[in-house]
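Paired with subunit B in one complex and with subunit C in the other, subunit A is shared by the two complexes that follow.
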Partner chain A sequence: MPLDTSAYSLALLRVDGRRWNELRRIHAQIRTQAAADGSSYLEMGHTKVMCVVTGPSEPGPRRGTTGGAAAGASKAAAEVAVSVVVAGFSSVDRKKRGRGDKRNLELQSTISNALAASLHTHLFPHSVIQVSLHVLSQDGSLLAALINAATLACVDAGIPMTDYVVACTAGSTSTYAAGDESADPLLDLNHQEEQELPGLTVATLGETDRVAVLVCESRVQVGRLEGMLAVGVDGCKQVREILDRVVREKGKRMVLEGTVVKGEGLEDMDLD
Partner chain B sequence: MPREAEPSLNERQFILQALQENLRLDGREFDQYRPLELTFGDQYGVADVTLGKTRVLAKASAEVTVPYVDRPLDGIFNIATELSPMASPAFEVGRPTETEVLISRLLEKTVRRSGALDTESLCLVAGQKVWSVRVDVHVLSHDGNLIDAACFAVVSALRHFRKPDTSMESGILTVYTPAEREPVALSWLHSPFCVTWSYFGDEGEIALLDATWREEQVRAGSCTISLNRHGEICQIAKLGGTPVEAVTLLQCTNTALTKVQEFSAFLDRKLAEDIKRRDKGGLMAELSAENDR
Partner chain C sequence: MPITITAPKAVRPSYATADNASDDSGSDSSSDNGADLEGDIPMTSSSRRKEDKSYSIVTPGEVITDDPQWMRGHGTYVSASTAAIVSSVAGTITRTNKLLSVRPLRARYTPEVGDLVVGRIVEVQAKRWRVDVGGSQLASLPLSAINLPGGILRKRTETDELQIRTFFAEGDLLVAEVQQLFSDGGAVLHTRSLKYGKLRNGVFVAVSGMGGGGGVVRSRRQVWTMEAANGAGPLDVVLGVNGFVWISKHVETPEALVAETKSATTGITNLEESVSTTMYSSQNDRIGIETMREIARIRGVVTALVENGLRVDEDMLVRGYHEAVEMALLSGGGADDIYLGGERGEQLAAALTGV
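Moving on to the complex of A and B:
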């Protein structure tokens, strides 16, 4: 069903009632699986993903998934092996995807390369960091949600990293064909918008403007890129704030519960 | 699984040091392509592209098949990429490597999903008969920047390709041989080209176009931008790698646009030359009784 964008220009409200620069509700949890080294659960609107990180550990005899930048090539750094499982019930049409699905392989390799650039993999030679991602529900911005969940799980696993790798999507209000100059950029597309409007996924390194992942799969005028990218990068900063708050609150609770000892140099940590 | 020979630490250092001093191993400018060459085969739809030592052959072909059930009005369009061990010992037959998957995904997104070929025009009888156009990409020699070369080859092959003419009369479909009727070109909407940037340095501050195989092995990240000459982005893929300043990416896109316009003009010129070469002077020359003897 085509998305009716005619109402946008009247009230400047999107189909789900957001303004152009609003993110959907992000709800995140870390340390959801007791048995795992690191785990997280993330919702961006109705997109729900779960992540489990195992490692850094000794590589097993069998390598199942695709590796990233350091895939088997160099033993000097840990390999980040990512596997993405899209549950059959996650979207409206139950589509069976095989193991060798190219879209899935591309997702895995993107996440793996993005994480490998931020994690200090050189500290763990001859080892593997296994990141398993499970998609429970899809409503647009899938790659962004997967990257955010993987980052949180890596934080939980205590793997040293430069900064959070945070991602979100951005789009533009009119389709590529209309040479309409007044097109507004949009932040955080849902499934319906993703289908109809041009959009891109941006992942940045923490609060900087440095872009780790940029994926655009739709036709769009070159002039629109700047606006979309600016909104996307700005959205990433907001996402970073949210994820950082989740991590800090979990840390605070764990100190209060006595699960972990409060570290040194954290005297200013607010435990109220 | 065979692995690519890796550059030694010394080589790595040497390349990076040279780049810091604004030098490339082959003396090119940072935004300069290697000499691009394109030759068409005797058959329609065969394009042989060389970019320095990288060589890619693309062949387009068409046959009449039954359409997919969910898309009865659309023709079928496929791009098959094959990296054979001929190009590099690291490639294996049968099992697609990560590089191969990424290349075929990129070509798919650039050419197919951007709607460069009008698939509706390939329909002959709704729900029963459509043309299935297939492009086979063969990498004959690998010296870096496979994506740009492969994309150029695919677009050239499809632009050059002619499918047999058909007619429908009282429910009977006739496919004419080239001798009966001149084959017809595909209905082509726009020509997208890929431009790949490679980033070097800790912050990705050095950006190179058209990296060679050696440079690709040392690079910290890459970004492939697909555009057409009208300035429409068809696809951008920066799949991980070292983070790069957003402003740099925008500059890269603008430079890519000028490169794409050059490619586009080059391809148009080559196609025009090829048409001239094939044109034997029309019907008059063909019917003439004179000959060389």
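Moving on to the complex of A and C:
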């Protein structure tokens, strides 16, 4: 089904009724699996992903290697191992993607590199941080959702990091072929828009403008890129606020329940 | 086709409200813990922290202070550009004089010297074992740091090295103490006391430990013997600081055994042998049905405490156990009813906290 671009120019509303700079509903939870070191569940619109973090922990002796300690002993920093599993029922067409699927591998290495840059892995020598991501439902912005879920799970696991790595997508209102220089940028593409329009995924380090991930898999005029990037980075800041609120709510609840000892705070230090 | 994950239950009434409420109203403990804060340099506090300040939760990337008089501790880092102290984990701020650190809401166990831990052997090497204690690295237990059979304190020999698997093999559980820490966070354990050593006759539960987020807390007593109800006899409970818990049938400790045999005027070599043969045995003793049932009940209490966000220590566990025994008698199922999940667990937690 072609995207009704003419309707956009008339009402400035997208197919799902959003304006150009609106995010879809983001719903997130942390600590969804009690047995895991860290876990999260994240919905960005109808894209739903789940993440479980195990570690940092030292893998036991590996089979096939002599002297298990030698296997990872020379590592000065923790390794971030990411695995992405896309459920067969997650998209409209039921497609089985194997373990060696190229798209999957690329998602995994992108996420792994982004997290490894932010996490303080040097604090955990000889160990592995295992991040397992499960895609339950896909409706565009998959990479962004995966990065956000992984970040939340790492926060839940208590792994020190420089800042949240938050991601979001940005696109443009007309196709590459249309060559429309006056096209508006769009924030947070859904599946339909992702199919029709040029788009990119951008991840930033917290509130700063430092870009951690930038992936663009479609053709787009270079003139439109700056606008898209600016909108994407702005979206990341909004996403950070949302994720931060989720973590704070959870922390507040844990303090109230007495699971965590209340912090001493700095406010009383302001007085003297 | 939408996929839904059912929303979590409504927020439980918080058990610790009473003492939190009193804390909230201007707890000024800072003046008496010796923090000597001179100078009137104002702290930068972002608007975000203001709104949550009664809980003092900080999240990764949040600037704690840019005042150079503070030193950074665990859970923080110094930003390269501004030289401010920034939090690297989500947690609560603690300070010791001028040292600022952030205690994470939850993290894996970080060993400290003197901690009593329960661990599992994952690897046997030539002169040491590698033990999983739930930390970020495996701890190591050198052959020279265990009680070798035939004399409590004797030097290890080559024969001992050759039969290293007869002491501990892969998968064995043990209770030990952290003896030493390496600079990279690795720990060295020892079992050179008759209270430490191999574990048998019981059941293992892993809950979260001292890393944060409830679970086992450091306390005065981590190991004790309690009298179980319903004719089960005494039970031993070991709460490892790392969150690994061991509940077992009480067997006479080697010391008691030694004292007994001494009074029976047996030869000294004889008794030491008898001690050492039982010390590294992996064979369980005969355990009665009642004892197994009560062990399972204590295990149920531990998991119920953790599920309801309560700490696990001697006081809570003993009280929780007695409560659970009562609940079982009242439920109509009699002593055999050991289920403590779901609503039963909440009921137990409510009874313990007096809400």
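Please note the rule applied: the second predicted complex is superposed on the first by the 249 of 272 C-alpha atoms of A that agree within 3 Å, B and C clash if a C-alpha of one lies under 4 Å from a C-alpha of the other, contacts with A are read in each partner's own complex, and residues count from 1 in each chain.
What we mean here is this: contacts are C-beta pairs under 8 Å (C-beta built on N, C-alpha and C of every residue); 3 or more make two chains touch, one makes a residue touch a chain.
Only a predicted model underlies this, so the values are computations on that prediction, with no experimental measurement involved.
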Practice problem: Once the two structures are overlaid on subunit A, check if subunit B and subunit C clash or fit side by side. | Solution: fit
Quiz item: Looking at the overlay, does A:L105 come into contact with subunit B only (first), subunit C only (second), both, or neither?
Solution: first
Self-check item: Larger contact residue set on subunit A - subunit B or subunit C
Solution: C
Exercise. Figure out whether A:N21 sits in contact with subunit B (first) or subunit C (second), or with both, or with neither.
Key: neither
Practice problem: Report for A:K48: first if it touches subunit B alone, second if subunit C alone, otherwise both or neither. | Solution: second
Quiz item: So, does A:V155 touch the first partner subunit B, the second partner subunit C, both, or neither?
Solution: second
Quiz item: Minimum Cα separation, subunit B versus subunit C, post-superposition (Å)?
Solution: 9
Exercise. Would you tell me the residues on subunit A in contact with subunit B in one complex that are also in contact with subunit C in the other?
Key: 68-69, 205
Practice problem: Would you tell me which residues of subunit A are touching subunit C in their complex? | Solution: 29, 31-32, 34, 37-38, 41, 46, 48, 55-58, 60-61, 67-69, 78, 89, 120, 123-127, 136-137, 155-164, 205-207, 244, 247-248, 250-270, 272
Quiz item: Can you name the residues of subunit C that touch subunit A in the complex?
Solution: 1-3, 5, 8, 11-12, 14-17, 19-20, 23, 28-30, 35, 37-38, 40, 42-43, 45, 48, 52-53, 55-61, 64-65, 75, 77, 86, 88-95, 103-108, 122-123, 125, 130, 132, 135-138, 184-186, 211-214, 306-307, 309-311
Practice problem: Using the touch definition up top, name the residues of subunit B that touch subunit A in the complex. | Solution: 1, 3-4, 6, 96, 98, 101-102, 104-105, 108-109, 113-115, 203-204, 220-221, 223, 227, 231-247, 249-250, 253-254, 257
Self-check item: subunit A to subunit B touching residues, read off their complex
Solution: 66, 68-69, 71-74, 100, 102-103, 105-106, 109-118, 176, 200, 204-205, 208-217, 219-223, 225-226, 229-230, 233
